[in-house]
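Note that chain A is present in both complexes that follow, paired respectively with chain B and with chain C.
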Partner chain A sequence: MSAVITGLGIAAPNGLGTEEVWRSTLAGTSGIGPITRFDASGYPVRLAGEIPGFEVSEHVPSRLVPQTDRMTQLALAASGWALEDAGVDPQRFDDLEMGVVTANSSGGFEFGQRELEKLWAQGPEYVSAYQSFAWFYAVNTGQLSIRHGMSGPTGVTVAEQAGGLDALGQARRQLSKGVRLVLTGGMDASLCPWGLVAQLPSGLLSEQPDPERAFLPFDTGASGQVLGEGGAILVMEPAASARERGAPQLYGEIAGYCATFDPRPGSGRPSRLAAAMRGALDSAGLTPEEVDVVFADASGVPELDRAEAEAITGLFGPRGVPVTAPKTMFGRLSSGGAPVDVALALLALRDGVIPPSVNVTAPAEEYRLDLVTEARPARLRTALVVARGYGGFNTALAVRQI
Partner chain B sequence: MDRLVAITGIGVVAPGDPGTKAFWDLVVSGRTATRTISGFDPSPYRSRVAAQCVFDPLQAGLGLQEVRRLDRAAQLAVVATREAMADSGLELAQERPERMAVCLGSAVGCTMSLEAEYAVVSDSGRRWEVDHTYAMPHLPDYFVPSSLAAEVAWTAGAEGPVNMVSAGCTSGLDAVGYACDLIREGSADIVVTGGTDAPISPITVACFDAIKATSTHNDDPEHAMRPFDRTRNGFVLAEGAAVLVLEEAERARRRGARIYALISGFAARSNAYHMTGLRADGREMAAAIDAALAEARLAPEAIDYVNAHGTGTRQNDRHETNAFKRALGDHAYRTPVSSIKSMIGHSLGAIGSIEIAACALAIEHGTIPPTANLTEPDPELDLDYVPLTARERDLDAVLTVGSGFGGFQSAMVLTRPGAVRA
Partner chain C sequence: MSAFTIEDLKRIMRDCAGEEESVDLDGDILDLRFEELGYDSLALIETTSRISREFAVQLPEDELGEIGTVRDLLALINQRLSVSS
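So, the complex of A and B:
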């Protein structure tokens, strides 16, 4: 069974909707800027990748608006775009043949902050009846299945950034068991004071105030990460069934996938990132020479950048493959980041152009990467997407044109 | 040949005393661990009952730094993992870490620590722009619930695929289902899997109060959770963890491991209807049961016992009774069905795994745990719910189900090792 992606829905800080994000991304338009959603002046981090101009009433039924956090609203919108792109009317499918497997990492955190505030400042009787299902990590899978009438296999994977690829891997497993369609991907949005403060102590966030200097993975000036909101929802189907129903396009197949985990810090054992990358290629039956571009995890934290660069050069050789990080325009989107990279990789295959990493003006020579810093036309058949989740999670996924 | 999945190790920290033995002794006794909430003042709440673990982390073998770093859900999971690993008899030095995986379920992650930290940085909800200078260093671990899976992986020494499944109240079943896939497809030979949740804190209690899902039998806490009883009025919130060691069965046999049970089938479906509501007909749970039986290559008549979701809400017990009839046909009327939640409450993303452990132990001991507190049958619910007293019976195949917010319905089939397949 070949699992193919037939529909894309992207919500990112530089655009809403697949083609808008793709145009902005090729043009190198960054969505990283000063935080406007709340007063961040008292925090050491004051930049983020916010999605501007998302009019929730245009995308989400009014009844659902007070019941849902922003990340669910974005997921609902993106799922609609993905189905439309795939030419799928869910009502024409058997409900039990359609599944939903999404990744999530922070739940409806802003919704949660509001309800925690009511609880602690006013009392339990002020907590919303919607809190019980608006904030938990499974909410997007649940709401998407209800919205589109999909009663087939469900799933929710959590491994921060890496979870976004785990969701796609799990969606592919469901297809191999006979399901006809799975809505998959990931979406996170936790740009609220409590969401920022909960991540500050990691020490991974950049305190650089200049939006063009804050998030510079693989650059000599790398100073950490910038948080963003967004993600992508994808339609995945068996190739045969997608062709049979006359899907408007088969963007590409999920050729291979692998997940590994790092040993406990301080154990002296080596990272398992390279093993995840190699495992994804092995499971796809690919040699490194057949990979045309790598969408890097691109941490932006120097020691993590070095580890990834070593894994890439170890597998592909020094400057052996073009490497890119469009997330330099979004920030780190948590569980949404890798699905966005997969969507962009598929668009890159379609259009024969590698999207750029922006603002990386001084790539560190010692990393020996062929870092793509301006949109680069290329003949592309296969892309490898890499994602690392906070705490030692590594995943890699290969997509290939068919 | 198909790769079969064997359970070779069990670790449980359930309400009452910790450890698998204490857990099993409790659930076959018909006694309960539901009590008035003692962790904070429950007086402002509608439901004031919970099933708490008698758990001292230091006594359970955790170090001071682990106690400081780990949310209670992580503490329970790490202790359950240590018990499961020891029980499995695996010699870690002889295992290849890259062939070991972890798949852990949790519905609400590190919610207790998150709430405690929120209360401090917000100065008890007084400020929206919370004060980062009061944030503790481990807060990012609580923010990403996958830290729970990471702790289990480090405890078990796993370096293969590690994942957390957070599908609400079916997490504990779905995580083990995911783990079975990893073994069957050959991504791992050993998977340390299970579920953990420690949700007994003000925000979770307030959440379930707001939708009237939890029991208000506050004046009789030991009998507050009454699945399938006419007087049932909701579940009792609980905490706990169960961790299982799963191994490819042939490999487990070769090393002479004790095999409690095989996991022969699993499926998850969704009702695509409502985040918290259930249609009475049980169609999607029945579809999950059908698919799990098909994967196990078993006929409905092969099922000897059903471990019910049995939350004791008005709608759940009706919903799943109909699902059992739909999936098992007339055989449903001949099959014992029980809810151990009547004794240990509903620990959200952990309970599915705790119930898998109960099913494996039921097969091992030939004993069906009862449904406690079932003294006034509901005329609408007409199956054999094994009231009050455990029952001896040889079990070749058992079914366990879960149902959760989001509309999720999951079903798993366990079989006795060596039992003939239908």
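So, the complex of A and C:
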């Protein structure tokens, strides 16, 4: 069974909707800027990748607005775009033949913060009944399932950034068991005080105040990460079934997938990131020479950049493969980051152009990477997407033109 | 104490749970059941909890469980309001 992606829906800090994000990304337009969604002046971190101009009433039925966090509203919007792109009318499928598997990392933080504030300021009777599910990891999957009448297998993967690829791996497993269509991907949006404060203790966030200098993965000036909001929802189907129903396009197949977990910190044993990358290629029957571009995890934290660069050069050789990190325009989108990378990789295969990593003006020579810093035309057939999740998760996924 | 009207209810319902695209809350809804208006049990909990707070009226859960139609809920609220006034 070949699992193919037939529809894309992207919400990113540099655009709403697939083609808008793709145009902005090829042009190198960054969505990272000062935080405007709340007063961040009292925090050491004041930059983020915010999605501008998302008018919820234009994208989500009024019935669902009071019961959903922003991340769910974005997921609902993106799922509609993905289904439209795929030419899918869910009512023409048996509801048990359609599933939903999304990744999530933080839950509905903005909604949760608002209701918890009511709890301590006003009392329990003031807390919304919808708090009972609106802040759950599982809520995006649940709301998409209800909205589109998809009653087949559902699930949620939680492994921070890596979870975004794990969702696609799990979606593919469901297709191999006979499901005809899975909505998959990931969406996070926790740009609120609670969301930011929860991330500060990791020590991974950049405190650089200049939006063009704050998030510089693989650069000698790398100083940490910037948070962003957004993600992508994808339509995945068995290739045969997609062709049979006349899908408008088959962007590419999920050729290989592998997840690994790092040893305990301090154990002295090395990271398992390279093993995940090699495992994804092995499961696809690909050699490193057949990979045309790597979409890197691109941490922006020097020691993590070094580990990833070593894994890449260990597998592909020094400057052996073009490496890019469009997330330099978004910040790190938690569970949404890797699904966006997969969507951009598929668009790169379609259009024969590698999207750039922006602001990385002084790539560290010692990493020996062929870092793509301006949109680069290339013959592309296969891309490897890499994601690491805080806490030791490594996942790699290969997509291939079909 | 003034009576709780259908207009009060519709305002709170829209705030708490929006409006189903296929339903016109301004139509003749008094004898419709909440499920027919697209309001599930959670939407009804959210709505009645808002009414309790705003109108300072106790709406015991066991009595809310008996509620079927919009008319039933209006009657219950007004009965409780007259008891407490």
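What we mean here is this: the second predicted complex is superposed on the first by the 402 of 402 C-alpha atoms of A that agree within 3 Å, B and C clash if a C-alpha of one lies under 4 Å from a C-alpha of the other, contacts with A are read in each partner's own complex, and residues count from 1 in each chain.
Definition applied: contacts are C-beta pairs under 8 Å (C-beta built on N, C-alpha and C of every residue); 3 or more make two chains touch, one makes a residue touch a chain.
Just so it is clear, the structure is predicted and the values come from calculations on it, not from any experiment.
S.K.: Does chain B (first) or chain C (second) touch A:S62, or do both, or does neither?
M.R.: Only chain C is touched by A:S62; chain B is not.
S.K.: Name the contact category of A:S128: first (chain B only), second (chain C only), both, or neither.
M.R.: both
S.K.: Looking only at chain A, is it chain B or chain C that touches more of its residues?
M.R.: B
S.K.: Of the two partner chains, chain B (first) and chain C (second), which one does A:R379 touch, if any: first, second, both, or neither?
M.R.: In the superposed model, A:R379 contacts neither chain B nor chain C.
S.K.: Once the complexes are superposed, what residues of chain A are shared between the chain B interface and the chain C interface?
M.R.: Dual-contact residues (chain A): 67, 125, 128-129, 132.
S.K.: Would you pull the chain C residues touching chain A in the complex into a rising list?
M.R.: 14-21, 38, 42-43, 45-46, 49, 52-53
S.K.: Considering only the defined contacts, which chain A positions touch chain C in the complex?
M.R.: Listed in rising order, the residues of chain A that touch chain C are 61-67, 125-126, 128-130, 132.
S.K.: Tell me, which parts of chain A touch chain B in their complex?
M.R.: Residues in contact with chain B: 38-39, 42-44, 67, 95-96, 99-100, 104-107, 113, 115-125, 127-129, 131-133, 136-139, 141-143, 145-146, 148-160, 163, 166, 170, 173, 193-202, 258-264, 269, 272, 275, 389-393.
S.K.: Using the touch definition up top, name the residues of chain B that touch chain A in the complex.
M.R.: 44-45, 97-98, 102, 107-109, 114-115, 117-119, 121-122, 124-126, 128-132, 135-147, 149-150, 153-154, 158-168, 171, 174, 178, 181, 185, 202-203, 205-211, 213, 267-276, 284, 287, 404-408
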